[in-house]
């Protein structure tokens, strides 16, 4: 089935095209992966800068710097851009780089479509960010976009809705590409149950994306028609229901949070065995756990809506299903610990991030479990406890595993080693600052501080100040990351084909950086 | 003409400008639409520009694909990729329509009774479908399912049969059956859309008339839009068939469109049952 | 190094007690710091009330049950945390390459995997059980002693005692000067209102909630009640508080720019006090009834109008009537305000659907509307010189019937 490439063809492609056109018109999974990663890094800093402004305003009670209208814009855009601009694209970037390399494929299944999936992001990002500068300012109704609040408001609301449509198209096409690549382009002998776990998590994530992004599109389309075409989907006078939006949104939104964590699980499941020098414990149960989490994610959505006043049966159902997710997630945590057990462990930067992930993600998971219990959630919904919960799963979960993954694969991607010492400093600063920022938020939430407020009562002052200070440190630490990445891309000690002695997936059989067209002849996996 | 010397390696296309063009098109389209919605005069022009660029992109991109296909660049494995790709794309469309069906069921089964229970706010509202809601004071006359909708069901179902017939023709190498089948399918599709437009014209309610009007027009509207897309795709396939692009062995483009057409069919059946009939 | 020796002794041996013991001291050094800190934080919670680390002191039975459930779950999670992460730290400390530890080869064990699927399941059942009971009692709003209708509005609460014909609006009283720092912040900064909700102690109070604009959420932490109010729908909740006192909370659902400034204050009084309070309210309401036969003077209307404006319009249109550019139009110098009376009345009475401008015809009395319109037309640099009488507003009611 596979033979050497047509010599003429191979010749034409052997050298990477150069200059501007290389990036703009690329059909190469590595280049496109790189674009995704840079884009998400930019968006991470942009949304992070918004978070800095949030923390500055919340440093003290009273309105210091911004009017409430602008503060709400900051919160909304911070959440939206972090999720759709930073975390999701970076994970797709990983998929682009790694999936073909890990399954021994020459490229993604649809290289041109792949390029489009990427280039839609800057288009959508432009639309979204420019909405800060239109009359009335950016959207300010929270990233969850609940009507009727979201019906009030100017052109920015339409721009953001349409921007999300474009992001959705990008995600769906990206997901179709990834899923097809995995299903159809594995090297001979690479059966499904031999795939690296990272590939498995992306297979399932892609499925989630294809299933739920269209539902988000539905929901925001209805918002748009309610705003401009006189429909009454979310207006009780016309027989609609604002809560219906919440159902549709969270039917998307909950799987969405697993879309952001499953590939992170995949990254961690790759890093830990490498530095424990021991195969991943319970591979099969890991696969089943990911699949169960994905399945359950479709039937838990209303745990975000306990305070809307569902019927008793609804509350109980969603409480039980939500709690069930702790079981497969627990299996994963136990498997990671068992992988470490009696390994031969070293602590390179990627490993540090992976270990911190396991530890801190579990804290976020436990606070999720606390929130899953309806009576407790009634107290905590829409407070800073929720903010603490989701930053533990999103920052120390997704974002830190992404950083770990970057450190892990950067030597492969660039051919250079990053600065290990700087990496470790970045790690410790990030971890410490992260906890200073977000751990006190649990207390704030328990004590009754609502989220999404620009100003707060006096009893919340101390912890907010601590959180703000931590936040600034956290932000500043990320500059080290940026520096380290740039230095590594520009040069550094040669990495060699396999800088990590414990790494055994296919990409390490390639040179560092891998040839522009890798696995033109597929490897045989035994 | 279909080449038989198909390549063995997985075809990785050379750099292409079309994706970027497509992104620019969508950006222009979306910003234009946002401007239009907010009554800025530049809106329609920007949208037209975006539309134009989008069309250029579609012609360019699909032209390239057809060209590559004819040049035999697509191995069997590429063909399988296309199949997976199309299947998952249709799956995403299924998810899209489920969202709107979900809205319909939610409104009827959950929201209506809750509104009727809220005596404090809407003292004389009763949960009777079709409804325009408690606040609008509109009495609705729904479309009779057994008039045009039933006829349209018949039309779409027959069009499903005609594509399948065309496919048989293709598989057996009967090019005439292929072309005739396709032509009939397109004709039926156009007939369907005309009837649908006629029905919209006759309908005694609009999209503004409460939740019934909203769900009705949203679901049938998006469906109609998909029929239109399908008809355009079928027309392209028809012209390619006339140009002799398809062989009994290699004709995934045809099958993809046929799949799509069947999907649109099934959605219609659900619409007929849940929107018009029950 | 001694540690290395210990570890070497057991290298390659299967998991054994000796091995665990040898490694334990080192692991503890690492873990204990974090765990101790965490435990201390938890234990210190009740002791140091000024640093609220936990829920506020419960005032109702429900809140108490929630408190207890939360503590129970917290301890369970804490225990699991220790059980999971102590082995991890043991591994991190003892099974290091730098100690010469050689990696074992095992990579699964069905028995263990089944055990650690089943045990968490059982734990979860144990958590779900008390939670289920509590949800059931929270949802049970029957057998109430009195019912109060709560209507959220951007950004205040309307209360209506059903069956008693008492209604009033509860507005924040924190002065803007405290918010922008021109004045020292008061003790109950952001948590104070002009008319708190007054309820009797020891009685089951049922709330029915709705809103006239966007979603709000009525929340008093000490009661364990948080319930979203949904426009066009009715939701309910209940509480019963034994101890008289003043309890404070806030709106808990993002509802626009005033979301952080929408406090809930409840005054729990003895049943006797409650009865006399009710009488007083009824008298006040009777006194404030609109007298349609009377012709009000410009000054009367303007004085009343200024109050209505402060309570209802200022949050958006600002004290000086300048609005907020691109969000809320200026009323000072507005074409509409300086134009035909009828258009002005119409806008205030019916609002503008799809914007934050609500239909105040449904919320304010005819006199209030007449007053605020007169005020707007004759304040700041607006000097229309005309007055609007309540009768002109009443005419609109008939039309919209």
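Letters are used for the chains, namely A, B and C, taken in the order the chains are written, and counting of residues starts over at 1 for each.
Assume contacts are C-beta pairs under 8 Å (C-beta built on N, C-alpha and C of every residue); 3 or more make two chains touch, one makes a residue touch a chain.
As the structure is a prediction and not an experimental result, all values here were calculated from the model.
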Chain whose Cα mean lies nearest the overall Cα mean: A
Between A-C and B-C, the pair with more C-beta contacts: A-C
Chain centre separation (chain A, chain B; CA means) in Å: 31
Centroid spacing, where centroids are CA-atom means, of chain B and chain C in whole angstrom: 44
Centroid distance [mean C-alpha coordinates] between chain C and chain A, Å: 29
Residues of chain B engaged with two or more neighbouring chains: 114-115, 121, 134-135
Where chain C touches two or more other chains at once, by residue number: 232-233
Per-residue overlap in chain A, given as positions that touch at least 2 other chains: 154, 227, 235-237, 241, 243
Chain A - residues contacting chain B, complex: 1-6, 9, 12-13, 17, 21-22, 24-28, 105-107, 109-113, 115-116, 118-120, 122-124, 126-127, 154-155, 158-159, 162-163, 165-166, 169, 172, 175-177, 179-180, 183-185, 210-215, 217-219, 221-222, 224-225, 227-233, 235-241, 243-244, 247-248, 251, 517, 520
Touching residues on chain A, where the partner in the complex is chain C: 61-64, 67-69, 72, 135-137, 140-142, 146, 148-149, 151-152, 154, 227, 235-237, 241-243, 276-285, 307-309, 312, 315-316, 319-320, 323-324, 326-327, 330-331, 333-334, 337-338, 340-346, 355, 358-359, 362-363, 366, 369-370, 373-376, 378-379, 381-383, 443, 446-448, 450, 452-459, 462
Chain A contact footprint on chain B (complex, rising order): 7-10, 12-20, 22-24, 26-27, 30-31, 33-35, 37-38, 40, 61, 77, 80-81, 84-85, 88-89, 91-93, 95-96, 98-100, 102-103, 106-107, 110-112, 114-115, 121, 131-136, 206-215, 217-218
Chain A contact footprint on chain C (complex, rising order): 15, 51-56, 62-63, 65-66, 69-70, 73-74, 77, 80-81, 84-85, 87-88, 91-92, 95-98, 101-109, 112-113, 116-117, 120-121, 124, 127-128, 131-132, 134-136, 138-139, 178-181, 185, 187-191, 213-215, 217, 219, 221, 224-228, 230-233, 235-237, 249-261, 324, 326-327, 354-356
Chain B - residues contacting chain C, complex: 114-115, 117-118, 120-122, 134-135
